[in-house]
Structures are given as structure tokens and as C-alpha cells.
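Presented below are the structures under discussion, each in the form of C-alpha cells.
What follows is subunit A paired twice: with subunit B in the first complex and subunit C in the second.
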Partner chain A sequence: MLAKPLNRALNQRIRDHLNAYLFISPFFILFAVFGVFPMIFTAWVSLHKWNIVGAKTFIGLQNYKFIMEDPYFWKSLYNTFSIWFLSTLPQLFFALILAFLLNQSMLKGREFFRISVFLPNITSVVAVAIIFGALFGQHYGLINYALSLLGMDPIDFRSSVLGTHLAISSMVMWRWTGYNAIIYLAGLQSIPNDLYEAATIDGATKRQQFFFITIPLLRPMIIFTIILSTIGGMQIFAEPLMFSGPGGGSQGQGLTITLLLYEEAFARQAFGYASAIAWMLFFIIVAFSLVNMFFAKKLQSAD
Partner chain B sequence: MTRLSASFNLGRIGFYTFLILVTALSVFPFYWMYIIGSNVTAAINQFPPAMIPGGRFIENLIKVYENVNFNRALINSFVVSATLTVSVLFFCSLAGFAFAKLNFRGRNVLFAFLVGSMMVPTQLGLIPSYMIISKLGWLDDLRAVIIPGIANAFGIFWMRQYISSSVPNELLEAGRIDGCSTFRLFWNIVVPAIRPGYATLGIITFMGSWNDFLWPLVVLKDRSVHTVQIALKNLNGAYYQDFSMILAGTVLATLPILVIFLLFSKQFISGLTEGAVK
Partner chain C sequence: MVKRLSIMLAFMLLALSLAACSSGSTSGGSKEGNKAGNEEASGAAASGKADKKVKLTVWLWPGMGIEEQMKQYAAENNIELDIQLSPFADVHNNLQTALAAGNGAPDISAVEVKVIERFKSNPEQFYNLLELNAEDIESDYMDWKWKQAMTGDGANLLGIPTDIGPMAMAYRTDVFEKAGLPTDPAEVTAQINTWDAFIEAGKQVRAKANVGMIDNAASLLTVMVGQGDEKYFKPDGTMILKDNPQVKKAWNYANKAIEANITSNVDTWSTEWGTGMTKGDFAVQLAPAWMMGFMKTNAPDAKGKWNIALMPEGSGNWGGSFLTIPKQSKYPQEAYNLIKWLLSPEQQLVTFQKNGNFPSTPALFETEDIQNFKDEYFSNAPVGQIYSEAAKLVKPVYEGPDSQTVEDTLNKAITSVEDKQAKPEDAWSSAVQDIERQLSRK
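Right, the complex of A and B next:
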């Protein structure tokens, strides 16, 4: 008598399992084909000298040795980090302040401000690069016009290393500051208001509240955005390609790691070498994320 | 008392000044894009540059159409983004439902794996993915940018969080007792309950695919399959001097996404802030 419901329950369990695996299978199949397999295959290709016709010779770790000796790789590494540094630190700091202000209860027109600061994020990187390319133009760009009003000589942003990095960083900053502010705002809204009220009663100023309540409680969000901007920043590609052109400009002032990877693979058809660069990029992202996580955690235990 | 309120007012003025300044900085490039796009390039090249919109937007657009097949690119982008959005919403909510509400062996391990997969940069698989697409004969075929993206880890993660917190278990159990199959539970109970979540993830997906650049650049070489971003890049590369034409094209490429965003912006922003804390 008991056998039947038990049987049914068992059937249900099996069916549940089958359904669950079926429901999650599309992602895992796709990830196997376009994620895991390419990752392993990239590692294998990176051990070969491999060109477009498919002629390949096994050369072991030679490609990685070439990378170490390649001045373009070091240049791209320097550029990538420089652009990341110039864009991320001011961006996150600015986003924090912005989120803090947007969260003030006395703010009128909250919806309007939130939408407008988020607006840059919807623009494509290509569009941003075109607009900022025009803003940073040497002869007639708006930035140089503003500088001329201050009595300064026009700057040729495109031809100098720092100028290029500043221009590209400003594109990243413009596009992501509002986004990060909205993410922080989400975190801020989960901080109970009585904490601020108690602090106000104890005579804490707004500035003290910001540094001693807001920042410590927002740390998980801060870590999240640092990791996200690290991953994004290390992969920066469209902005330098659009701003500096192929090869990152005459002296490679805009050459980033992904741009180098793209050119080696799809302009020079050096698939083996490009694959080795791809793995180097992955190592750099993982290592740098861990370093950032370490520092972010350390900040947390400081107080 | 008066001193206190005076300093309070001063703080308030500074507060709004700062916010308005940031808003202006956020919006100005959009405005400036239209100024250049609606003037002749010479008007921009003078000192001081033009600061108000001109009347040449249509003429500039006609020049855009002489250089690239922008309508084709717009249609391609719409087809890709719409197909991807619908399939991502379906497959990610289905998988998110399984992770949130169904018990199965290996659930936690698979979910951890899924979250970890988000760390892998697309560049790592770029070359083999290109080879796979070329073996499948999908180079210069929109399927090359659609099929690999019909389900993604971020969407599943997001949907799992959303479904766990917004679909009560009792509702699902009641459905079970009524004899619903697992898919019926999903279709009749979960899908109607997560509409706001669909709105937010849908916009994220649509924007992401509309703005995608590296992968389409690699697999869509022929003009007939170019997306808006690739068309824009070509416009910029080929005619470097004619800023007015290039920016008129940029306005056109940005407009659809701007309209969609402004239509849904309220739900989108609140969905984003809620989704992040859940």
C-alpha cells in the first residue's frame, strides 16, 4: 500500500533531477563549446608556431619566452596599467561621493539625478571614443579651446603618451562613474538610517559619517567594483583602437594588451603567439584581482 | 540659530551645485554630439566653436548613408539584440529557477562553477572560438554573434537571486499539489512573478549586445552583416576629417538605445539597485 506513493515520490525525484539538468544545460553546453574548450585549446595553440593556413610546429614555451623579450608586450602592459590607474582610482572615489550625495534624504529630484548620472553607461564604447576623440582634438577640440581661454597652448593629446592615456581614461571615467555610483547607492540604501542619526546626535559631521560609517559598511560593494573595474580595465580595447588607430598609434602610445592580442591574431595571423598573449592576459587579470582583493581586505581590517 | 541655518543653506547650495555639475558633465557629450552632427565641420573648426545645434543634421545623415549602409547595420543590430534578449531572458530565468527552487545533485558545485566562469575574459577563448565559428561556416553570419550568447552566467546568477527572493515556495508547492509539471510551474507561476526582473535583465542584455564590439569585429567582416558599432568604426576610420558626418552617424547609432533606456529608466534603476543588494 505504501509502495505506490513511495514510488511516485521517487519518480518525482528523478523527474526533478532530469528537469533541473535540462533547464541548466543550455548554459553549460555553450560554456563547454565557447568557454572551456577554447581556453584549453588556446593553451595548446600557444605552444605552437601557428599561422592562418594551419601550418603548425610545436615549439614548447618559446612563445612565452618571446613575449618576455617583446618590447611591444611591455609597452602594452605599461599602457594598460597606466590607463587603469588613471581611470579607476578617481572614478571609484568620485562614484562614492556621488552615491553618498544621491542618498541624502533632503535631495529633491532624486530620480532625475540618478537617471542622468547613469546615462553615459548606455553609450557604446565606439560612440564614446568618437565623441571624446573630437573633444580631445589637437586643433579644434573643445578641451584645447578651454585651455586657450586659460592662456595655455594647445596640447596634441594623440601624439603624447600621457595625453593619450588621459584621453582614454576620461572615456572610461565618463562611462563608468555613474554606474558605480548606482551600485554604491544600492549598498547605501541597505545601511540603516539610525546609524547616521545616532552619529548626528553624537555630534559627528557629515564628513566623519562618510569616512567612519559609509565607507566601512560599503566595503563589500567597493571590493566588487574594484574587481569589476580591474577585469574590465585589463581588457580595454575599443577605446585605444578608436582613439589611437591600429597598433595604438605611431609610437604605440595607445597599445593595450588586448589590442596587441587582436593585432597579432587577426592582422598578423600569428595565432600561436596571440594565444600565448591571451593566457598572459588571464594570469595578469587573476593576479591583479587577487592583489586588489588583498589590499581592499586589508583596508577593512585597518579599523 | 541664524548662523546654523546660514551654513546649512550654504551646504545645500554647494550640494546642488555639485550634483548639477556632475549631471551637466554626464549629459553634455550627448548634446555636443548633436551640435557637431547638425553643423558643418567648419563651424566646429572655428574659435570659439559652435555651441548651438545647426540645421544640417539631415544633410550629414545623407552623407552617412552614402558611405555606409546604415539601415542594414541598424536592422542587423536589432535582429541580433532582440533575438539575444528574448533567448537570454528565457534560458537564464529557466536555469535561474532550477538553481533557486529545484533540488538536484551537484547544484552548489555547478553554481560555484558558473559564478567562477564569469572571471574568464572573453579574449582567452577568442582565437579558438573564431576557429569554431569558421568551421561551422558562420563567419559573416549573424548566428556567429547570436548562438554563443543565448545563455550567460551573469543572467543566470542574476535570475537565481531574483527568483529566490521574489517567488514564494508555498506558491510552487501549491502548484505541485495541483499536478503541475516542473515546466508548468516555471511557465505559469515563476514567469508572471518575475516581470520586473525581466525588465532589468532585458535592458542590460539589449544594451550589452547593441554595444558589443570585439567579437562582432572579429567574425562579421562583410559589410552586409555589419552591426551598428562596426559601421560606426568604419565611418570613423574612413573619413577622419568629416566630424559632422561621423557624429551624425553616432547620434543615429545612440538614439535607439537612448530611447529604450529613457522609456524604462525608472524600473531599470530601481531594479538595478534592488538586484544588487539581494
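Right, the complex of A and C next:
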């Protein structure tokens, strides 16, 4: 007696679910085609030796084993982290200061400055890299020209490890400081003004206000920007390619992970190996995001 | 925590998929090619109609100087032509992608000599031009150049030669004069006839004009390696990098040049290279024939300050290309007819006169058109005569599919020495180690 209505109700529920899935399916179909499939295919390719035009040869985990012994991979890992570190820390620091300044009520023409700090972010990265490449040029670079006016010897940025990393980091900083400043600015504006007023009445200086009110309340924003710049920094590609050339310079000083991946695929036709590097990069980013989240949780629960 | 993680993962996947999309859009050239390919397929289906025009898609890079002649041929032969120009590296990458995808390749594609070495391991991707009776025109072309597009067993021919890149030495007359060196091409050739003499002259240039003799040590290394009978590999695939005396010699001379401080440490193709070429920061540019065009566009203001003489210890070949017909083409015969006409001696002469690309057909070398060809940019040097002389000195060299990898690694090694970041011995041994490791993976 009871079985039939129950069955019908179940049917109705299944139909409802089906409808819901149909409605959300466009995203999942696109995601499957452009997201999941390439990832799985990359994983499959990474188990092969493949020059893309010819046939694939299955070699198991050989590619991953080779990565572990590949000095280029480790060098590129070091370079990527070094560039990330050199660019992210100062970048976020300057962004915070910029945002703080932009948020001052005495500042005239605030809209203009807000647009100006964001402008570098929408410029073409290749154009930025070419201009910065010219700035850091050894013989005719603007920076070395300035040094020569000060009576110093020109620096060959391109040939040294530190010089290359500094130059690439400066491009990243130039493009992303304004972007982060705008995010911080949004955070700053959500901090209620009465906190500052109360602090002023209690006799706190501007500096104390910055460190004891602004920074703690901005914490979620700071965490967000750190995660974003970590993911971005791990994938840095166009800047080193333009600055150091395809091979990453004479000692691989500008070779980042993505640049190595590109080199292996398109210069050396080792598509299987390049796919394996792509997966290593994926794991590294996952690991880093987990570490980031761990710290983020700690910071948040510190309140 | 788990929820956050999944959101994070979803975001990362999204970012990845976006990255995939954007990288897809950069290869727009091949997409257009796709479209063209589809149209062609439908064209072939409807080929019953006699009035249907044959449509050929052609991939070239800028500076090849053959577009106009192609259009002329198409107009005369009632062929519809779609010439797509993209940067040098993109043509090769797009072609490789299109071949791998099995769709989207053009009817005719230009392929450079180093890249055709790689494609030779997959000859099934191209029409075998021997089957289109290409051997009928074989005698028109330089033997070594013809063989560069042929598989090792001689069974497959992938492309017909366009231009060749015989090497000569462009030099700044103003810098040479300052340094007390001769400026007349014949005298320069007589005085700088060995690489030792080259380095001696370089020391003079450094002492009296205070500029480098050559842009960088890697140029010298590559060019000198190319002067031997063999490079890095034997035709059977064994690597002879360590045993080839010419490589050793080239390496030693590149190091001597660094020690003598006669290199300018300017990377080839960089912006500073163009500036240096205009200002005379290096006295010599080792130049294949097609380099003339690059020098004119890179350093237009240096017109009349450069001159050209023969290079020390013989010539060599740098670059030069082929026209190929990918297997995906529906009209191999029409494409072949176009190539055959375009790369015939008569038409190669037209290309040379317009663009400076040196013909691969030796019958032209002795003609008056070439012998009397002078170039204003190079102080009215008889460049036609010099390059045909150089072309006769070129020895055929086997490259091998991994030649580029070896060359890149050696260039990096010598650059690290030039940058004072490594000792010559260390740079050499780590380069050899590196190359062996790379090749072990192949």
C-alpha cells in the first residue's frame, strides 16, 4: 500500500534533481572539456615519451624520475621561489602603504590616483618586459646610465643570478603593487571610522593606529593577496622569457618552472616530460596553498 | 577546512582551465588554418564542379620575400591563395600542432633547416616530393642543400630549398680605419684570413678604437663549428661532440676571444645588439646572406658604414629554408606546381634582387645579375659576388635532429664564461654532461 506513493515521491525527487543538474550543467560541461580533460590527458601524456607529431611510447614514471634528477628543474624551482620572494614581500608592503595613503581624507584628486595605481596592471606584460629589459640593459640601459652619472661601474644585470631575479621581480612589482593596493583600499574602507576616532581620543599616534588597528583588521585581505600572489608567482612566465630569453640565460638564471615546461615542450619536443613538469607544478601549488591556509587559519583564530 | 580546500581546488582548476583557454587563443593562426582546412574539405567534396577554384593556404614568416611572386603565380593560374604570415617560431609551432592534431595544416608551409631535421623523423606527415617527380629539378639545386630535406635513407623528400645562408664577414669600415686595419674588402680578406689573425685584429680594434671585434663569443663558436666537415652527430646518430676536433677548436678560439677581451658581450637579436650595430660597438658581424636584410632594418642609420669581405678559413652555412606540403593538403599537385615555379632559378633571382635572400640554385652564381649586384648599404660592396664565392666554399654538414639542443647548450656555456660566471673547463664539462643527460631522455 505504501510502496507506490513512496516510489512516486522518489521519482519526483529524482526528476527535481535532474532538473537542477541540467540547469548547472553548462558550467560542468565546459569545465569538463577545458578543465578536467586537459588535466587528465596531461597526466596520461606525462607517462609517455612523445614528440607530439609521432607516436607515444609508454615509459611509466620515467619522466618523474628524471625530474628528480634534473638539475634544471631544481634550478627553476629555486629561481621561481627566489623571484616570488623578492617580488611579493616588498610588493605587498608597498601596496599597503599606498592604500593607506590613498585612503587619507586630505588627499586631493583621489580618483585620479586610484586609477593611476591600477593602470600598470592592465598594460601588456610583454610591453612591460621589453621596457624593463631596456631599463636594465648593460650598455644602454637607463639604470646603468644613472649609475654612470654617479660615477659607478655599469652592472650586467642579465648575466648574474641576483641581477636577473631583481629585474624580473621589479617587473612583477610594478604590475601588481597597484592591484594589491586597490584590494587593501577596499579593506581599509570597511574599517569603521569610530575605531580611529576612539584611538585618537585615547592619544594613539597615526603610526600606532596603522599597526594596531589597520593591519589586524586587514588580515583577511592580506591573506587573500598572499595566496593570489603565490599562485601567480609560481606561474611566472612572460617576464623571464622576455628578459632572459628562451633558455633562461647563460646559467639558467631566469629559468622558472613554467619557462622550463615551455622549453621542454616547444624547444625540445619532449611533451611527455613537459606534462610531468606541469603536474609537479600543480602539486607544488597545492602544497603551498595548504601551507598558506594553515597559517591563515592560525592568524584568524588568533583574534 | 575540507570545504575551503575544495573551494580552493575549484578555483585552481578554474584558473588552469582559463590558462588553457588563453593559450588556445594565442595559436589563432592554426585556428584560422583549421577553418581554411574545413573549407577546403568541403571544396574537395564539391570538386565535381569544374569552375571551383583551387584554394591553397600558405604559411610563411615575414622577410621571406616571396609573397608577391606567389600572388603573381596564383593570378596567372587561376588559383585562390591565402597567405598567412606569422613570426618565425610560431609558424613552426603551429605547424607542429596542426600535424599532431591531424587537422589545420596549410597546403604549403615554410620550414627552416633546423626544424626540418626534426620533421624528418616523421616523414609520413608530409607529401614525399619524390613521388611528385621532384627529382626532375634536383640538378637545379646545390647538392648539400637538397639533401638537407631528405631522410637519411634517401626515400623521402620533405621540401624544396628556398634560400641558403652562406657566411661572410660584415665589418665597420670606420672602426677598422680607427684601428689601423685595412678597409678594402680584398685587403681585409688577405689580412684576416685565419682566426688567429682575426683575434690579432680584434686586439688592435680593442686597443685603438676601444670596442669589441665581435658581438659575443657564442656567435664565433657557432660559426666556427659550422666550418668543419662534421658537427655534433654522425649520420647514424652517434654523438661526436667530444671527439670532433672542429668543435674543440671552435671552443678554444671562442675562449681565446674572451681572454683577449675582443667580444662586446651583446646578445644577438637583443635591442642592444641593434643599437650596437648602428653605433659600431662591435667591428664585425659574421653574416649569412639573409642577415643583410636584418642589418638594414635593425640599423638603418649605419648605411654606408658597413662593408663585406670573405670570412676567415672558409665559409659555412647558417639557416635557409624549405617549402613543404603537409600531408593534410587536398591539392598536393597544385601546391607542388606553385613551389616548383617559385623556387626555379629564374624566380629565385627575382627574390634575391628584391630581398637579398641568396639563391640555392648554383647556375645563377656566375650570371651577371648576381656577379654585378652591389649593395649601397654595404658601401657598394659586390655582395652578389662575395656570397656566391662564399656559397661555393660551403661544405655539406650533417646536423641531426638534436643539433639545436646541443648548440643551445654550448652557446649558454660559452656565454657563462663570457659573463665571468664560470671557468672555461667547468663550463665545457658541465655542458657536455648536460647534453648527455638531455639526450639520454630522448
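Here is the rule we use: the second predicted complex is superposed on the first by the 265 of 303 C-alpha atoms of A that agree within 3 Å, B and C clash if a C-alpha of one lies under 4 Å from a C-alpha of the other, contacts with A are read in each partner's own complex, and residues count from 1 in each chain.
Here is the rule we go by: a contact is a pair of C-beta atoms (placed from the backbone, for glycine too) under 8 Å apart; a residue touches a chain by one contact, two chains touch by 3 or more.
Note that the structure is a prediction, hence the values are computed from the model and not measured.
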Which superposed partner A:21 touches (first subunit B, second subunit C, both, neither): first
Which of subunit B and subunit C A:267 touches, first, second, both or neither: second
Which superposed partner A:242 touches (first subunit B, second subunit C, both, neither): first
Greater residue coverage of subunit A in the superposed arrangement, subunit B or subunit C: B
First, second, both or neither for A:293, with subunit B first and subunit C second: second
Partner chain(s) touched by A:134 [first = subunit B, second = subunit C, both, neither]: both
First, second, both or neither for A:281, with subunit B first and subunit C second: first
Subunit B versus subunit C as contact partner of A:34, first or second or both or neither: both
Touching partner for A:251 - first (subunit B), second (subunit C), both, neither: second
Touching partner for A:106 - first (subunit B), second (subunit C), both, neither: first
Overlap of subunit C and subunit B interfaces on subunit A (superposed complexes): 30-31, 34-35, 38-39, 130, 133-134, 139-140, 231, 235, 245, 266, 282, 285-286, 289
Touching residues on subunit A, where the partner in the complex is subunit B: 15-17, 19-21, 23-24, 26-28, 30-31, 33-35, 37-39, 41-42, 45, 98, 101-102, 104, 106-107, 111-120, 122-128, 130-135, 139-140, 142, 145, 148, 174, 178, 182-183, 185-187, 189-190, 206, 221, 231, 234-235, 237-238, 242, 245, 258, 261-262, 265-266, 271, 274-275, 278-279, 281-282, 285-286, 289
Footprint of subunit A on subunit B - complex, ascending: 11-12, 15, 18-19, 22-23, 25-27, 29-30, 32-33, 36, 44-49, 91-92, 94-95, 97-99, 102-105, 107, 110, 114, 117, 119-132, 147-148, 150-153, 156, 182-183, 186, 207, 210-211, 213-214, 218, 228-229, 232-233, 236-237, 243, 246-247, 250, 253-254, 257-258, 261-262, 265-266, 269, 272-277
Residues on subunit C engaged by subunit A in the complex (per definition of touch): 1, 4-5, 8-9, 12-17, 19-21, 93, 96-97, 99-100, 118-119, 121-122, 125, 265-267, 271-272, 275-276, 281, 404-405, 408, 412-413, 415-416, 418-422, 434, 437-438, 441-442
For the subunit A and subunit C complex, residues of the former touching the latter: 30-31, 34-36, 38-39, 49, 51-54, 66, 70-71, 130, 133-134, 137-140, 156, 158-160, 231, 235, 245, 247, 249-252, 266-270, 273, 282, 285-286, 289-290, 293, 297
